[in-house]
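Each of the two complexes below includes chain A, the first together with chain B, the second together with chain C.
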Partner chain A sequence: MSTPEIPQRPWRQRYHVSAIAWTVTIVVLLILSSMATGANFGMFLANINQFTVLLVQMSHPAWAYLSVIIQPLYETIQMAILGTTIGAAFAIPFSLLAASNLVGNQVLRNLIRLFLDLVRTLPDLLLAAIFVAVFGIGSTAGVITLAIFSFGMVSKLFYEVIETIDMGPLEAMKSVGASKVTIIWYAVLPQILNQFVSYFLYTLEINVRASTVLGYLGAGGIGVYLQRSLDQFNYSATAVIILATLVVVMVIDGVSNHLRRVLL
Partner chain B sequence: MQATATQTNPIISFKHVNKIYDNGTVGLKDINFDIPRGQFLVVVGLSGAGKSTLLRTINRMHEITSGEVLVDNESVSDYKGKALRHLRRQIGMIFQNFNLVKRATVEKNVLSGLVGYYPTWRCVLGLFTPHDRKRAFQALDRVSLTKKLFSRADELSGGQQQRVAIARALMQDPKIMLADEPIASLDPRTTKAVMDTLKRLNREDGITVIVNLHSVELAREYADRIVGLRSGELVYDEPIDQVTEAGLNQIYQTKPEA
Partner chain C sequence: MQTTLSKEFAPRSLWQRWCWLIWVAIIIAIYAWAIGGLQFSGLQSSAKTVSDSIVKGLLHPDWAYVYNGSGEDLSSLTIQTLAIAFLGTIVSAVISVPFAFWAARTAHERFYLRSGSGKVILTLIRTFPEIVLAIMFIKAVGPGSYAGVLAISIHSIGMLGKLFSESLENMDRGAEEAITSAGGNAPQVFVLATIPTIMPEFISYTLYRFEIAVRSASILGMVGAGGIGTPMIFAIQTRNWPRVGIILLGIIVMVLLIDTLSEQLRKRLI
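And then the complex of A and B:
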């Protein structure tokens, strides 16, 4: 009996040709794009002391300011929850229609996706500016902006989750004579529910941060105070706002981790 | 006597059934045969011979290209919408991968076999009658899994999951049970439990059972009749008392490769 010969790996595999090629390509692209945009690393180093000055000022948070921002912070959280909920609710039917494993009609699916791409293309700042103009300064404009922004993002995350589900239960439900809606309710939703919740909370977290920026445009919440403190060079107040927002984001993160564990 | 009765009134008939896939692959080629009521039929053949396709043409999970499939003397090809769902709800089906909703309870999985009999809104709200909940319990009793009623499906072993799938199919009160490689992912002991359960439903309830199998030994042990497929063609069809080793081997002969 002769021992079988060990097959030789092709030289492309042996010298990791494609991995090296990709790394080189990416580095070259990075260098080229920094040259094209005029990003200058030297300038970054030269001006870094300005940044440290700012940091030093911010390292003495004016804790007394906390009592002022509690109310707007609360409003920010309300805005984020409301906006995310509205957006996610609308995202569910759209994501079901955009999933290639549920909708065979390519034309319909691509139309829905085109619409979702369009929604995602609109920058949230532009939306906020429009809705502040329409509804006036205040949290209504903020909620609507966040709802549309969440809708675009969550729809995409949702339909990508739907496309990864096990199709077996769908086949089984089809074989017992279930209607389309029943198939979705019995075979699709149970498979995606916990990821839906997880993405919902992720979006909520993003929205808390986004709404601080929206406040700049008068869309309500903590952002109004952030802008005011920066305009007044009152960096110790800015620090309090940032830290308070951090706490909120951390709490949401904690809740979302906990829920994911429970739901899994 | 019985022979004439079954010949005149088969529960399923294939008449010149052809299936050609979009890419030109031939799935089924001129299939002609009848399945009498109450038969335990086993379909054998190599992977890719068309066993799954054949099975799925019966409940229209696959469409045929030409010919006719008759269930209860009615051609199923033109069924649409409600008529199609009504056809499917009287045909139980179990699968190689069980196809349970793993995150749902065993009870919910079993009850889901009933959704063809309920309006959509009642399914969505989960409004099953107490009578049907009791039936779900009885269906589980028939596969000896009542203790697992409120367990989550993914806590069960493979053999137990397949028995839950059988209980789900039982809720449909089926005239026909299709089983596509039901034991391919199971070990020998659980294989016996699943095959015995199918046999019992066939004998006790008179359900016509059609099973796709890889294993010729199992086919000989359980079948009333064995048919063989090779490259989409029906190449073998014998009642169990006529089945011989040599005849079965012929199913697995591959055409000489060029």
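And then the complex of A and C:
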């Protein structure tokens, strides 16, 4: 009878090879990136009083400025609503084509998904800078930026919803010879409508947040005033803008959360 | 039998039947307000030529800009952007851990004073848009990538602290109870049960945040906080579309690579 063998840990586990390798990699990357960015904690501490002056100014908001920014705040919300709507409208056909349970053609589906992935990589401010160059300074550039930004996001959310639907009603309609459009209208849409609206509202929330900074590059809304106050070193006005934006975002979040709970 | 049937098939009340009309009216009113409130500048007279040259520039990117050895080219600035995002994310992940323990609500806490105050602080931090933070830090440390690192570190604390504290609230307490019942003291419970249980989730959230930080780092340069955004905004302002094209291409490739890498790592973690 041989002695029972005690299970041995492989040498990789015994000497914690992967843990040590990860730690070393992260430390090396940290050192390299602080060299690349010129990070210097001492400099931050030396200039900390400048930063506190700024924070002190911000802690005394100039409430009189509120009357100036009411109108651009409305404009911001209007931009977000229109941009989200246009983006979502374009997203519906693309999401139908990208859903694996509706479209059998794998090449077409992957092409559409690749296109959507590419759209999603572009940061919103970058789009805003380009559209300001095309459409000029103003809210048009903002609406189009938000439309493209929400198109990328909404279409991914939408096609993931479509892929979870119950295929029963579709097969029933197909077996009695219904056309593709009829199937989508009577079998697909009723199953996903509530979730569509829910994701639309979620995107609207994100767009309200995003649209507050778009104006920084001239794309309309409250961001224009944000840039003006920062350029004039008028930090008490900046504080009012940030607080007013926070209130708007919280109200929109509250309304949309309530609606989404009712819907689902 | 008859009564239940008639109840089920009772005609809907007037209110139920026409309720949707009110919703339609509200939605129409909102859209009328939204469309009426915006002044559409329409297309500028130069829009045609501008968009033509944009398309032409994007189709013929300025390949020479990819690397020219000056340190101001696409590849070195992309690496700088990644460095900003990496440093900012790691710093904020480390700082977020104590904030998370502060803001996590636990069952035996009275009136939630501690967790409530922590949540308020995290919300306050999240209030500041990243761009505003970047401008504030530029005032403190001067323009450059260091301001970008600070902006990302501080802004991410708000988000990561919230995510970390939520995962602490929902974590599985089984391992902690096992160590306690075996006679472990508080530090032992923390080291042997809490950290191993929560670590994969923390790392996964940090990776997810890194993906977002890469996107942020590529635009923070537009206000002067270092990275690829600075040459981008210069190129747009000087209408140098071939250069805009190559920078856009660089950003797309960088973001796609980082997203795929981080997705693979996260899949292995959980």
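By definition in this document, the second predicted complex is superposed on the first by the 208 of 264 C-alpha atoms of A that agree within 3 Å, B and C clash if a C-alpha of one lies under 4 Å from a C-alpha of the other, contacts with A are read in each partner's own complex, and residues count from 1 in each chain.
The rule is simple: a contact is a pair of C-beta atoms (placed from the backbone, for glycine too) under 8 Å apart; a residue touches a chain by one contact, two chains touch by 3 or more.
Bear in mind that the values here come from a model prediction, so they are computed numbers and not experimental data.
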{"item": "Touched partner set for A:187, first chain B, second chain C, both or neither", "value": "first"}
{"item": "Which of chain B and chain C A:204 touches, first, second, both or neither", "value": "neither"}
{"item": "Partner chain(s) touched by A:79 [first = chain B, second = chain C, both, neither]", "value": "second"}
{"item": "Touched partner set for A:168, first chain B, second chain C, both or neither", "value": "first"}
{"item": "First, second, both or neither for A:222, with chain B first and chain C second", "value": "neither"}
{"item": "Contacts of A:139 with chain B and chain C, given as first, second, both or neither", "value": "second"}
{"item": "Chain B versus chain C as contact partner of A:118, first or second or both or neither", "value": "second"}
{"item": "Touched partner set for A:179, first chain B, second chain C, both or neither", "value": "first"}
{"item": "First, second, both or neither for A:54, with chain B first and chain C second", "value": "second"}
{"item": "More chain A residues in contact [chain B versus chain C]", "value": "C"}
{"item": "On chain A, the residue positions that both chain B and chain C contact, one per complex", "value": "none"}
{"item": "Complex interface listing, chain C residues touching chain A", "value": "30-31, 33-35, 37-44, 47, 50-51, 54, 79-80, 82-84, 86-87, 90, 127-129, 131-132, 135-137, 139-141, 144-146, 148-150, 215-216, 218-219, 222-223, 226, 229, 232-233, 236, 239, 244, 248, 251-252, 255-256, 259"}
{"item": "Chain C-facing residues of chain A, complex", "value": "26, 29-30, 32-34, 36-40, 43-44, 47-48, 50-51, 54, 74-75, 77-79, 81-82, 85, 117-118, 121-126, 129-130, 133-140, 143, 212-213, 216-217, 220, 226, 230, 238, 242-243, 245-246"}
{"item": "In the complex, chain B residues that touch chain A", "value": "59, 61, 84-89, 91-93, 95, 97-104, 108, 112-116, 120, 123-124, 165, 168-169, 172"}
{"item": "Chain B partner contacts - residues on chain A that touch it in the complex", "value": "166, 168-169, 171-179, 181-182, 185-187, 190-191, 193-194"}
